[in-house]
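By letter and in written order, the chains are A, B, C and D; residue numbering begins at 1 in each of them.
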């Protein structure tokens, strides 16, 4: 029975992981071949070659795209995270602005982004920020802030509240209770939200398209150019995608620590 | 005078050691863009002007361009315009007329193939663009199978005519049927179609329409004419192509999906843009190297092209013109064509050096000469959207062809009225 | 002189419910004061208002001479121990203990000194580097107490700190808390719903009912002279027996018996109350016996609770020696000392004042 | 006078919201107000300015457009399908991931991969995998004797294929949030429940589900709002076809603005969409909260 209990989660996770990994493996294979072989059915195994990986860096400014995306996503998350944490805390603890403010903040994200594009373009044109990464960062902060705040509200509810009270009677100011207790205790939730914010910014396409120029184009904008009028450069796209999902590996150490931390917190509360 | 100004401004710029003059161009990610890229060092050497090509995907180009064009001063000195957008861009007044500059510099505009100049050059007598490259559609087919005596014999026996490059539409339809049903090749189809909404299906179906002698509208009155026997026949044939003779799934194929079927050697024919022709001979993309050829669509295929333009919001129109003049000069146009570019000037299709290099060049020239146009007006993109929707409904969702086309006529008329074309 | 005084303190929630209704209380300096009552009686809310965790709707709170209504919790100099201990999960035991001192900028060496003192007192030294998640319930409880102790506050506010412990540990902690109180000589306000805790630890008990103070007094005072039937039944285990009776000419008649009483009221219906231990079994012909019939005997070990049915059907409990051999249905005679009788008004439940 | 602490609370709450609200002012509030204005005006891309006040005519016109109504209904079906299925799959995986003893980090990394992929790339690669004759999926199916499936060429198939691809891409979003919620759950209630003899299933329904409710509500809401805005995948995979099977409203509104050039009309449709989603959100929010009581 014990082995069953231990095996049960894997029974769910292994099929799920396969559903994710098998397509990615096939994509990896595509990235190591050419378009002709990629579409060949039944598949023919040719010797893998790294030409596509070389080409995305030489024939396309892939490194620039990657760096632009990384810096935009990191920066916008770094700016949005504290702002959203404070917003969420004010909502959860002090009910600032009440339900109307909360809902209207969320509502701001219900408009299809396409209708936001024209006024936003005008704003950045007027501010002289067009074609800059700053513009995209600002737009992404605006885009992510409401979601982050909403996600975090839930993490400030429940038992964190009492811990803050304990801090308050221990002599903490409101802000200290927030900063020294609520934030660290809600950390797993906040980090999960930050991770999602990073990803949303990493993938955001429309604002990046409208607001960036040649030198500041992000990965989504760059990758979309591989879908050309003369067909999809599928092998290049696969190679580019393989490199583009690298940040997950870069996040590995951080994730590992976060996961363990998340666990130990859960054990207590 | 302009030359002088340009020259003196360059002089000043260099005298003060300022950064070199730069112009920005928004382009699409196609091979022709790459060929333009290769000409840039020469341009820089000649004029000292740096050219920055910003490349985006076709679908995003319009979205990205419009805010720039609406702005009082945008980021782009030069843009390229798809024939789809010509009506819209001219109606909105976003493009600068080029006639004065053409006259001043005696630019040889007569070189352009007239049908293409009509599409992305002159609008109501004013030259707003110079054609950049064309993407007229042709019939690509399996030359090796067509010339195979075995198939020639079998085809003749069954259909009572010779198996040859089709010059009549019914001839082609018979070939499609033959290769799907009678040729006896496992998993092989007579045709592959691009049935996805809205542009792939609309552009491809246009060939069927023209081939059946149909047309979009009465050129005298702008009255839509799709729900006619010709139109209905075209749509019925098209539906049969997809459902009976084409590979499974063609009702949602983009041109890429469809091309790959042809390039994998799984279909006899594919009506597509002429720029795909060289790709069949690229071993990295194709299993049918040397086996595909292109021919004009019987009845005249669908035309398409891009043009160079200087937007009103251009920060530096003079430098922009310098660039257009350079890149479209006969000498550079030939160089681009030699790299594989889809030329728009007549003399290139007659150039022995090019015919030597690309065996299919005469056919391309012929194809362009007979190509027919799409209705070009302010709301062309929206018209294509409507057309694509109704065609797709008829092909994939069982809508009656006649009903579908009546709906198109109705919406088309409304758009024409909105544009003032139709009273 | 840090007396804690509540004057007419009321807590009304936004929804309109009144949780605490015009409470007047004075808690003396150094006193072990217990707020006792069933859940929902407003005792925790009262404690939280004292701590500043809950705003006071109306009335005044004084600590010493100072009115505290508008003072932030951090400036009230009170320590609070929560029912779930509210240990900071992201800090070690040491981090938890020194949290308040750090905030207040207590110098490092001083922190260390006090930490050593308190960890020794509570036996926490081996756990200093653990996270709260790695501690048992009792250990967490000690850390919570230690954190409060290190504060060296004006008063300790304890919100049901023992309710999450098992019975044995709870009894042990009761004794320890009392010892601790003696040692630190600070005011403790302890909230509980457990009357045994209240009786065993308190200097004075305040029993709350529906947001109001029902009675304040020393444990035995409350036990002996409950202010009303609610207090009478909430204290003692088993609770005070209450039976209907009638007052006439200086005697109360109930269950076929008539006992002289010494109350100001002259006549009318009353509720008669007496504790189980005030009853005793007597041989049949005794002075003023009450006749009853055995219903059941519940042996507790040291003694037993005999449930008897009086004339008129009222069931009462009485404390009898554990070896009492009686079986259900057996008739008995019971003696009740009239001095131990308490009379209540059947309408209001209030005690009838003695003469 | 008793308001003093409450007053300080209010001010503190206000101070905490201020930086965030200021940030939203420029990037969010201005475009929204602009959109509202435009929706009652005559802004087209041919004449990009708000000149005439047209009242609510764009709104009545929107409702009179069968394509818009159709797009709304397809979107509703899509959103419900996607949110419900992703929630079910996501919760199962999150629970498993929360329980798993070995390999947690590896699983976690795996589930993040699709999220880091651009929707355009996801659409393109799945279109390749699902190509009826050249795709690996139908090939694998053929190995076990299943005839080729027309994933995207038939209206019903296309709808569910798009839903499935969206799930593949986005389900991890739910998992990450739900897992964070699970990690923050107290352990005591479970211990208590186990002592009472509750099994895994009862624990789930009696403890996990009620305690997770706030996180679940937020996760569902956010996913719902994202799902309403889905358009890249549609653009790449079907362009709303075949027929009108995958005509999602965001993609439709996009075309009203940038293909039909009628920004005012698109704005009015966007505002209608906003109101619908807002009402749905408010209702869902209230309903879920009331369940928690």
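Just so we're on the same page, a residue touches a chain if its C-beta (ideal position, glycine included) is under 8 Å from a C-beta of that chain, and two chains touch if they have at least 3 such contacts.
Fair warning: this is a prediction, and the values are worked out from it, not measured in the lab.
**Student:** If you average the Cα atoms of each chain, whose average lands nearest the overall Cα average?
**Tutor:** Located nearest the centre of all protein C-alpha atoms is chain D.
**Student:** Determine, using the mean of C-alpha atoms as each chain's centre, which chain is farthest from chain C.
**Tutor:** When every chain centre is compared against chain C, the largest gap points to B.
**Student:** In whole angstrom, how far does the Cα centroid of chain B sit from the Cα centroid of chain D?
**Tutor:** Their C-alpha centroids are separated by 37 Å.
**Student:** So the centre of each chain is just the mean of its C-alpha atoms; given that, what is the distance between chain A and chain B in Å?
**Tutor:** Taking the average C-alpha coordinate of chain A and of chain B, the gap between them is 38 Å.
**Student:** What's the distance between the Cα centroids of chain C and chain D, rounded to whole Å?
**Tutor:** 53
**Student:** As a quick test, compute the distance in whole Å between the mean CA positions of chain B and chain C.
**Tutor:** 90
**Student:** Would you please write down the residue numbers of chain C that are in contact with two or more other chains?
**Tutor:** As it turns out, chain C has residues touching two or more other chains at 52, 72.
**Student:** If I count partner chains per residue in chain A, which residues reach a count of at least 2?
**Tutor:** Residues 39-41, 114, 118, 159, 174, 224, 227, 232, 265, 267-269 of chain A touch two or more partner chains.
**Student:** Two or more other chains in contact with one residue: find those residues in chain B.
**Tutor:** Touching at least two other chains: 59, 63, 70, 260, 264.
**Student:** So which chains actually touch one another? I want all the pairs, not just one.
**Tutor:** So the chains that touch one another pair up as A-B, A-C, A-D, B-D, C-D.
**Student:** Within the complex, which stretch of chain B touches chain D?
**Tutor:** 59, 62-63, 66, 70, 88, 91-92, 187, 195-198, 247-254, 257, 260-261, 264, 266, 378-379, 381-382, 385, 388-389, 392-393, 395-397, 399
**Student:** Going by the contact rule set out above, which residues of chain D touch chain A in the complex?
**Tutor:** 8-10, 12-14, 16-17, 19-21, 23-24, 26-32, 34-35, 38, 48, 89, 92-93, 95-97, 99-101, 103-105, 107-121, 124-126, 128-129, 131, 133-136, 139, 168, 173, 176-177, 179-187, 211, 214-215, 217-219, 221-222, 225, 228-229, 231-232, 236, 249-250, 253-254, 257-258, 263, 266-267, 270-271, 273-274, 277-278, 281-282, 285
**Student:** Any idea which chain B residues touch chain A in the complex?
**Tutor:** Contacts found on chain B: 24, 28-31, 52-60, 63-64, 67, 70-71, 75, 135, 255-256, 259-260, 263-264, 273, 275-276, 279, 283-287.
**Student:** Report the residues of chain A in contact with chain B in the complex, numbered from low to high.
**Tutor:** Within the complex, chain A contacts chain B at residues 34-36, 39-41, 114, 117-118, 121-122, 125, 130-131, 206, 209-210, 213-214, 217, 221, 224-232.
**Student:** What part of chain A is in contact with chain D in the complex they form?
**Tutor:** Residues of chain A touching chain D: 6, 8-13, 16-17, 19-21, 23-24, 26-27, 30, 38-43, 79-80, 83-84, 86-87, 89-91, 93-97, 101, 103, 105-116, 118-120, 123, 138-139, 141-143, 145-147, 149-151, 153-155, 157-159, 174-175, 178, 186, 188-189, 191-193, 195-196, 199, 202-203, 205, 219-220, 223-224, 227, 232, 234, 237-238, 240-241, 244-245, 247-249, 251-252, 255-256, 259, 262-263, 265-269.
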